[in-house]
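Two complexes come next, and they have one chain in common, chain A, joined by chain B in the first and chain C in the second.
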Partner chain A sequence: MTEPIIPQAPEVPEAPAGPYVYDYAASPQRQVVMPKTVPLPSYRTYLAEVKAAAEADEAKWKKMQADYETAKAKAEADGKDAPKPPVRPVPRKDDNDLKTPWPQEAKDADLLLLQELLGAKVQEIFEQAGELTCQIEKGALHEALLLCRDREDLHYEMLADQSATHYPAASDFAYSVVYHLTSISRRKRLRLRILVPEGFVPESACSVYPSANWMEREIFDMLGIAFANHPDMTRILCPDDWEGHALRKDYPVVGWGQRDIAFREDRGGMIERIALQKAGQLGINLKQPKAD
Partner chain B sequence: MFKNEEMEINLGPQHPSTHGVLRVKLRLDGETITHCKPVIGYLHRGVEKICENQTFFQGQVWTDRMDYCSAVANNLGWAEANEKLFGITVPRRAQYIRTLLNEFNRLASHLIWLATHALDIGAMTVFLYAFREREDILDMNEAFCGSRLTTTAFRIGGLREDMPPGFEKMARKFLAKFPTCLEEYENLLSENRIWKKRTVGVAMLSAEDAIALGVTGPVLRAAGVPYDIRKAFPYAAYAEMDFEVPTETAADTYARYLVRMAEMRQSARIIQQCLDGMPEGPVMAKIPKILKPEVNEVYHATEAPKGELGYYLVGEKGSTNPYRFHVRAPGFINLQSLPKMAEGGLIADIVAAIGTLDIVLGEIDR
Partner chain C sequence: MGVMQPSAFEQILITTKVEKVMNWSRATSVWPVTFGLACCAIEMMAAGASRFDFDRFGAGIFRATPRQADLMIIAGTVTYKMAPVIKTLYDQMPEPKWVIAMGSCATAGGPFDSYHTIQGVDKIIPVDVFIPGCPPRPESLIYGFMKLQDKIMTSSLADRYKDIFEEVG
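Right after this comes the complex of A and B.
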């Protein structure tokens, strides 16, 4: 005779006593790691870096030689064998299909023309990865856009894209705003870039390129750069009462205070367990809906 | 008693013709639209922020979820933007397979556009026919990468795997029957009196306005501007392909229909060339497992089925994730032109105007 199988109630883990507060502020998704470098592509910075690296390399080599000379002199004095002469280290060559696109000197006629026309208002021109970049003074943006659109030998008819980047580690500016212009007739692309400090209100490009309307609204929504003389400077993707600007580097991946109970962070199902227990105390069966 | 004042109505956010959750605030004078304002953001998920906090390889899967009707085109843009950022040369065979899949995806995207656009305007039948062919393309997606809609078809540096056995046969079988299918759709629509009444002269957008508003893709080409990024700034294997850029001059909804139908024929031509001239060789470039860029910024634009899809990436030295990632979504910019198209027209025609832009709210809101 077999023993009757007694149905056993599934074990419900005990919820912790007292008011349960999930420390959602401690969640890794809410932590902010501020960037330490300013990754602003620039030919001038690149040249300075290359020079500094070469100098450091040279200094290291000089030190190696000096060390060898002293070691040799010491060995001769002690009557031992001379040490091996140093070998200058050669940079390792990787066998792969990567060819890093470094910034290069501007040779394109459009960039040179812009520099000639705008003079000192052009801060930098260079080419990288086959793209033309022209960094201009933030006040001269409108002038440059008008030149690019209207001059026959430039003729960039379309503003394809406008975007901005937050650089909190930079000292003299906070954002870069980039304008990607396309010339349909000449099959060319050009990037105009301005550097904007915190709180500065750049001129809107809407009067020159109407397509900037929504793109500038998006930049305002995501990074908090307001544009002057814009027809409708309101948020576009987030609701009007949203706090903060999501694409700034000081904004966490999970937003501030927008969700008091963060279900996605409640991995152990603690909220559900508490709800079940509380309902059980009140005599409500949440698991099985009551039949009519 | 009649009132003479203007009436304000909301189209959406939940409305079958808005292809997602788009709200359009309309002000009407009788049946004429005097003011139109699209309100977006209901599907905003913060893809750009998420990708900035993930590695370059992980970002790939997010691009599928932006424009889910043309996931392959979105994957291609992401992979190529990254390759530009790191300076990777992709093997020629991988380029060909990418082009092939991208064109299949263009067919699928245009078919879903045709189906839903016709359904919006009231032609039910073509919906069923177009979905029949789209199903075959999704089957091919499944054969290639195991997934039908969110494909993640490519990897940075090439492809994960080569074409599966039997894929070429599937593709050729599809190509053999596809021209007849196109004729079926055209028989249903092109000379259909109701279709022409609902589309000819509706939602006009001139070439000047389109360029000023940044509108790209079939909408721009239907206004007579032969701007196709596949021709203007060739990427993948498009430089080696022989195809035409179809244009129309009427700049109305019917012209956009004609342009997209002609584009489907060109896509089939490109697929044929890819299959015939498929080179041998590896499909993945030799790249390290962890990619770390130098300081660099790239803007890479590709011709997605909806228009110019641009990815803007800023690389930080020694970091494994992008410092800044921005998407120039074609639907986002194209939707800006909706007021220009709809104002002055009838309220019944705004459904045609939204449909003809071929928007997907997943990429507009990101």
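Right after this comes the complex of A and C.
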């Protein structure tokens, strides 16, 4: 009795490791990297960051001093030379003139007037690089827009731009919606900002500034923030049957899979009809008789 | 003596095939659709203007309607929103019709490996000539068009519907 012949398993060829093989799974455009910080410009956050950095610096200095004291006492006990006293590090001189301008305290009359008029509905006012920003409560947006448009000493006639940003790392809000107002008569610009959580439906600005119509549709298309009382809240850039909102941070660059468009087939049967017609003119019968 | 002199009748007569005459007339009067999608359309306009003069090849008459056109030059990025429009325009063109995919966007999506771009217009309509470049110069477009002319000259009715002949039986 002979040994049964066990067939050898075929060797699995390795994936070619050439320079021109494109690894689709590891492509950076197919990865989604969620941000861990909330880069929302804010004077209050900036002050808190500066304070935290100063406290960390002070704590480090305290620790260096305490370490020196213990090392000194130990050296004295052992009868050795005393260690070198620590030197507090001086911040490095920064000669770079391409600095990011930090947020500053609001001194502009418009911002102060808005804060006076709206009171506690204004969450924050600050200036940055000469630009005025006023963050207001999300419910008081219409009131603020009407004030900015109608008051003689504000008189921002134009809504130049409206946009939104997704901040998935923030805890108490998800999006910031920003209104860029321009006063042509006073040659000033003002930025109104509201922070909205996921699923919140802000009031549309169309009744105050008609130019908000398409910009709000774009925000809806790209980020999925629906606006209440908008005349036509539909997609403006993507097709109507699009899935997802492309400017959210959890949306990959290539989308949720490249969609297949099957237009190539002869849907209306036009090509076949023409072929039969042309063949008939040439005296060829392309229609085969059926077997039965 | 002994050499045959052509008769007067042969001097005024050229014998050829009907198909060849048809192809010749088609290849030398290809009318494109006025249809541009992105920056490649600028190069297409330059090819049509006096310096490069697309009209030397009989293709300078850009028709404003697809129903009078033979050629569609896809000059630019094809987005998902534009795809049904391109398909409709292609369907409206009368047979015989040809398509040139101009530039890397129309041939393979180009740099836009992204959610909104179709990776090549040949996913929605059949393409005869692909022209690489970003954007291709007018010389490239003219060369691609001459390739299309070669294709038209060597084509026949049976070739064009060969797939369907085989499919139908």
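We adopt the following convention: the second predicted complex is superposed on the first by the 228 of 292 C-alpha atoms of A that agree within 3 Å, B and C clash if a C-alpha of one lies under 4 Å from a C-alpha of the other, contacts with A are read in each partner's own complex, and residues count from 1 in each chain.
To be clear about the criterion, a residue touches a chain if its C-beta (ideal position, glycine included) is under 8 Å from a C-beta of that chain, and two chains touch if they have at least 3 such contacts.
Owing to the predicted nature of the structure, the values given are computational and were not obtained by experimental measurement.
Enquirer: Between chain C and chain B, which one touches more residues of chain A when both complexes sit on the common chain A?
Expert: B
Enquirer: Please work out whether A:31 is in contact with chain B alone, chain C alone, both, or neither, and reply first, second, both or neither.
Expert: neither
Enquirer: Counting only touches as set out at the top, which of chain B and chain C does A:246 meet: first, second, both, neither?
Expert: Both partners, chain B and chain C.
Enquirer: May I ask you to decide whether A:279 touches chain B, chain C, both, or neither, giving the answer as first, second, both or neither?
Expert: second
Enquirer: In the superposed arrangement, which partner chain does A:70 touch: chain B (first), chain C (second), both, or neither?
Expert: The answer is neither, since A:70 touches no partner chain.
Enquirer: Please work out whether A:238 is in contact with chain B alone, chain C alone, both, or neither, and reply first, second, both or neither.
Expert: A:238 contacts both chain B and chain C.
Enquirer: Contacts for A:39 in the overlay, against chain B (first) and chain C (second): which applies, first, second, both or neither?
Expert: The first partner, chain B, only.
Enquirer: With the touch criterion stated at the top, can you tell me which chain A residues are shared between the chain B interface and the chain C interface?
Expert: 237-239, 246, 251, 253.
Enquirer: For chain A, which residues are in contact with chain C within the complex?
Expert: 29, 237-239, 242, 246, 251-256, 258-261, 263-264, 268, 270-272, 274-276, 278-279, 282, 286-288
Enquirer: So in the complex, which bits of chain C are touching chain A?
Expert: By the definition above, chain C touches chain A via 80-81, 83-84, 87, 91, 95, 113-116, 118-119, 123-126, 157, 161, 164-165, 168-169.
Enquirer: Spell out the part of chain B that touches chain A in their complex, as residue ranges.
Expert: Against chain A, the touching part of chain B is residues 40-41, 44, 46, 48-50, 52-53, 84-89, 157, 211-216, 225, 227, 232-233, 285-288, 294-299, 301, 308, 310, 312, 314-317, 319, 323-324, 326, 328, 332-333, 335-336, 365-366.
Enquirer: Where on chain A is chain B touching in the complex?
Expert: Counting only chain A, the residues touching chain B are 35, 37, 39-42, 45-46, 94-102, 128-131, 133, 157-161, 163, 165-166, 178, 180, 182, 184, 187, 189, 191, 209-211, 213-215, 218, 222, 235-239, 246-247, 251, 253.
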